[in-house]
Every structure is written in structure tokens, then in C-alpha cells.
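Listed below are the structures to be examined.
Note that subunit A is present in both complexes that follow, paired respectively with subunit B and with subunit C.
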Partner chain A sequence: MSAETETSWPEAAVDYVQSIADTKLLLGQRYGEWMLKGPHLEDNISGASNAQDEIGQVRQLFRLLKQQGVDEEWLESERAPEEYANAPTLDEEAENWPTFIVQVALSDRSAWLLLDAIDHDDFTGMVQKMGEDEYFHLEHQDGRLETLAESQPEAVEAALERYFPQILSFIGPATYDEDSDPLVTAGFTDRSAADIRGALHDHYEALFAGTDVSVPPLEDDVPDPEQWDATRRRTDDGHVEAGVVEQLQGVSNQEYVIE
Partner chain B sequence: MKYHVFTRVNAGDDMIHAGTVQADSDRLARIYAYRTYDEEDWEFIGVVREENLLEVKTEMIAGGKPQ
Partner chain C sequence: MSSNVSDAGANSTEAVADGSREEEPPFRAACPFCGSEDVELESTFGSEVSKSQYYCNSCHTIFERIKYDGAMPDTGRERDGSR
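== the complex of A and B ==
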């Protein structure tokens, strides 16, 4: 462990931060894939900026994970696809613009809510700076969702039905309330998974109020707490494609790495 | 819709016309303007819908000539 670290985190906190970091890593990838395919040049510029922000945030979170003893090689270049703990919403590239916007909106907002819930000195200041980045990501997405709810409500609703259960799995089970969420009881976070689930649902209910888009109900049995894997924050064994992992790890251009 | 982007470096400076953005809403125009023209540490950055710009033009007056 690095001398920079004053305190060790609770065991579950390393998995929690790993999952947020991997979600941001995949957000960077998905923003990058779409940075030349948006409907406006301005969407592409914003998407490219979002990608840069996410990769910058990943570097900061990986630094903290290394301080907690996570192996650097494993973290950055030696993981198999099934060892990434990203939100399941980001396993596959979206096939069209409305689906992409719903995909990144749910993923980016949820990752932010989980990050903002951390109440630990190692994150003081850093999370505030990340929040300044996230304002522009989340405003862009909400602005886009507002216009898409008018022009393509069926496509938005279909994407919500596809991704909402998956993002609830990433946030955590409804049974993790303020008395039972292990990260809250350990003092690492100050907001339970159950509370964050409600906040996310309330946000989109308000955003789509008065439109033809219905937000899927907040199902208490999604994810099934008996099946939920706290390390990968999901109930299935899905993962990103091997080709995407090769891009994330820079495998194809390894010979050009500056030592 | 087309929006014009205005900025200034210091409070009290005159506004600079930084450029334009295309956006489907005021909310999006704010984000696009910031992301597209964030090359300086602006003290202010704002957007105006093109349709809200008031054209100033010379008009004929009765019995007179263009001013």
C-alpha cells in the first residue's frame, strides 16, 4: 500500500469504487464510439469532451484503488472481459441515437450518484471537481432526452425498459437501506442503494412528466438480492466484448508505449 | 435553432461574439456553447436565439431619403 494512504477502506468499498471506475471507463469508450455519429456537430463535440472527462476521472479512481492494494497490471492491462465490473447497461454499443442517449444517461447519472454518496477523506475535493464535469454530461443528456421524448417517445421508452432493470442492478438491491447497506453501516457512504434507486427514479419521472414516455416502475425485486454479485454489481455473468477490452487495454498498439 | 454565443474575459469588458451553435432547446444551447467555445477562462458566456436579435436598419421616412 502506498504511503499516501492514511486509512484502509472497508473491504466492500474497494469493489464499490472499482465498479464506479469501470463504469466510467466504459462510458469513455461509448462516448468515444459515438463522437462522430451524433445528429449535430455540437453533440459530437460534447461527447468527445465527456469521453475525456471520464478517462481523466478513471485515472484518479485507479490511483486510489492502487493505493488500496489493487494490482496495477491487473487493473489496467491484464483483466479478462468478465473481470470488468462496469454497469451492465454498457456491455454493448447502442444501435441508434435514442438508445445511446438513454444508455449513457442512466449509466452516467447512476455512477455520479454512487460516487457522490462516498463520505471519505480520500475523495474530498476530487468528487467536487468530478461533479463540475458531470454537470455538463447530465445536462446534455437531460436536454437530449427532453427533445427525444417529443420526437421519438417510443424509442426512448423502449430503451428505458431495456436499461432500467440493468441500472437498478448496478445501483444495488432495494433491501440495502440505511440500516442494512454494508457501505453505509461501515461509514464509507452516506446514502444507501435503496435511497439512490428512489432518487434516480424520481429524477426521470420528473423529466418525462407531461410527455408520452413512461418510466418503468421501481421493482423492489430487481435485482434479486439472493442472486446479486456485490463485486460486479449485477445478477448475470454478462460482460463487454473481448474486442472492446483490447481497445481499453491498448493491446493492438502496445509496441508504441513510451516506457 | 441557431444561437449566437457571446463571451467576455473580464467583468465590465465588452461582449465578444464567439460564434454560433445549433441546438434544439435553450438547455442544449447552453451546454453546446460551453463545450464548443471553452478555449478561454470566460467570466461570462451566454447564448441568444438568432430570432431574438433585433435588426437595426435604415428606413424611409415620408418625403425623405434613406438615412
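== the complex of A and C ==
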């Protein structure tokens, strides 16, 4: 499809982009939390760099959402924790380094695949630039996962078992194929949730081939399509902690605002 | 970590100790001081988000390069160049 720039999107597309943007907002937060705790200096530099990239991408996606009529105050500073539509993988800060790497690797790669699937003129060029950022995020994470698969395979596998079903929920149900995915049929994306799920699974199967790490199977009933909330892209009512939302919204800095 | 960029195979992407990966061609860096291609990738992230850091084995100098060459992450599907 080639819609005109700044035309109205299908309603489902606003939710789709909102969820990608909120996932990137939380990725920025999680990278920031870990940018001084990595095992190597390069991990810390990459954490700081990735956080800046993600927040920069959020600013561009929020700009597009505002063009579609999403309220600016609600978007940036008035939302309750349960109104954020981030991938459930990012609801909580990881408790250790291997868990953090699995958490951000799955989330960042999935957000990229969802972004890459958008076929609309409002995103032309912008997604290319975001992909150039993501190339380095994802290469670094895959390298990290390969070395952790050698040194701490049990920790990597445990994190995959915990987060893989959650990231499938973020991508969407297996029943959303080329003929039934509402975003594909509306012409907003050109790749179905079912296809993206397969691509993600194939990527990690290839990455961990020959290691002691098994990737969880691609379960067609995860998420349950009957329970799946297309707005928050999950099946439960989980959400990020209130304290993190206060940081995202800059609540403690509001006393310094000059009216 | 270090990886010899000039010796990198045509399609190799190999993990090294700290999780960084060898860059693939066309990312062939040359030393801006002596012109040598006998350089090693020291860090995929340099002093700024947009730079990676190299060491020249010829003149023993650290240098940085802007790393955005249009490389995109794999998506598991062919790109048709329409965007």
C-alpha cells in the first residue's frame, strides 16, 4: 500500500504503533538501568548508546501518534501504568545479566520486526534509519547470547522459557496469518503476525544451534487468541511498576519546571 | 576484544569473548593516518553512539569511524528495495 503522508491510519494501526513506541520507551529505561552494571566496558557504552537510540525513536513515533490525534499530555505524562502497551517482557527489571540480555534481545528484535512490517508512507525513510540503529543493537545482543550460551547456558535457557511466550504475545496470535491479520488486510503492514513469529523463532533456533540452549517451541495457542488484547498486545493485565512510570514521566523533575 | 577486520571471511560473523561480533564486508576500515587495512575492531561502540573504534596494527594508532553504512538487521525475508 502507498497511503498519502499524514493520512488517517486504520484504528488498529494506532494501537500497533503505540505498542511499538511504548516497548521502545521501556527498552530505553531498561538499557539505562543496566548501563553501568554490564560485565565489560563495551556493554555499558552500548547500554547508554542503545538507550539514547530508543528514546530518539520514541520521539519520532510519538510525533506520528500525535498526528493521528493521540493526546500529547496523555501520551507523555498522564498515563497510568496499565495504560502503557509495552511488551510484557519489559514489565520488570531483570535480576541478573543473562536475564537482562535475553529480555532486551527478544524485545528489541521483535519491535524491529513489527516496525519493519509497516508499509505506509509516513514511515518511509524513518524505518530505514531506525534499522541502522537496530543493526548494532541486535548484533551486539546476538554476540552476547552466543558467548552466554557457552558460559551460562542454564541461565539463558531459563530466561528464554520465561520470556519467549511473553514476546509471542507482543507479536500477536498465530491465527493472524496473511488472510486474517487485520493490519495486513487493511494494507498498513505487509507481514502477518504469524510470519513474524516464525521469523523470530527461526532466528534464535539458528543462533543457538550447536549450543546447550534450547529455544522454546513455537506454540500456536500462545497467546490464546480468545484472550488476546490487541490494544496492549497481551492476554493479562500485567504492567510496568508505578515507580518506573514516574521516572518515564519525569515526575520528580516537575518541581523545576518554569511556568 | 579485538578482531582482525582485514582477514574477515566473506560471510563470517563470529562471536568473540565479550560478545561483540566481527563486522562483515563492506565494513572494511582503513587507518586514516597510514592508510593500512591491517586494522582490528576494538569496540562496536566508540566514544559516541555513531562511531566504532579500531586499532591499526601498522602504525599502532587508535582511530574511530562513523559506522552507519546502511546495514540493516536481518528480518528473515528478502528486501525488495521498495522503501
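Everything that follows uses one rule, which is that the second predicted complex is superposed on the first by the 250 of 259 C-alpha atoms of A that agree within 3 Å, B and C clash if a C-alpha of one lies under 4 Å from a C-alpha of the other, contacts with A are read in each partner's own complex, and residues count from 1 in each chain.
Basically, contacts are C-beta pairs under 8 Å (C-beta built on N, C-alpha and C of every residue); 3 or more make two chains touch, one makes a residue touch a chain.
Since we're looking at a predicted model, the values are computed, not measured.
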{"item": "First (subunit B), second (subunit C), both or neither touched by A:Glu139", "value": "both"}
{"item": "First, second, both or neither for A:Glu161, with subunit B first and subunit C second", "value": "neither"}
{"item": "Which superposed partner A:His40 touches (first subunit B, second subunit C, both, neither)", "value": "both"}
{"item": "Touching partner for A:Glu205 - first (subunit B), second (subunit C), both, neither", "value": "neither"}
{"item": "Touched partner set for A:Ser49, first subunit B, second subunit C, both or neither", "value": "both"}
{"item": "Between subunit B and subunit C, more extensive residue contact with subunit A", "value": "C"}
{"item": "Which of subunit B and subunit C A:Asp119 touches, first, second, both or neither", "value": "second"}
{"item": "Subunit B versus subunit C as contact partner of A:Thr147, first or second or both or neither", "value": "both"}
{"item": "Footprint overlap on subunit A, where subunit B in one structure and subunit C in the other make contact", "value": "40, 42-43, 45-46, 49, 136, 139-140, 142-144, 146-147"}
{"item": "Residues of subunit A that touch subunit C when the two form their complex", "value": "39-40, 42-43, 45-46, 48-49, 52-53, 109, 112-113, 116, 119, 123-125, 127-128, 131-132, 134-136, 138-140, 142-148, 191, 195, 198-200, 202-203"}
{"item": "Residues on subunit A engaged by subunit B in the complex (per definition of touch)", "value": "40-43, 45-46, 49, 136, 139-140, 142-144, 146-147"}
{"item": "Complex contacts: residues of subunit C adjacent to subunit A", "value": "1, 13, 15-21, 43-46, 49, 67-68, 70-77, 83"}
{"item": "Touching residues (chain side subunit B, partner subunit A) in the complex", "value": "21-25, 27-28, 30-32, 34-36, 38"}
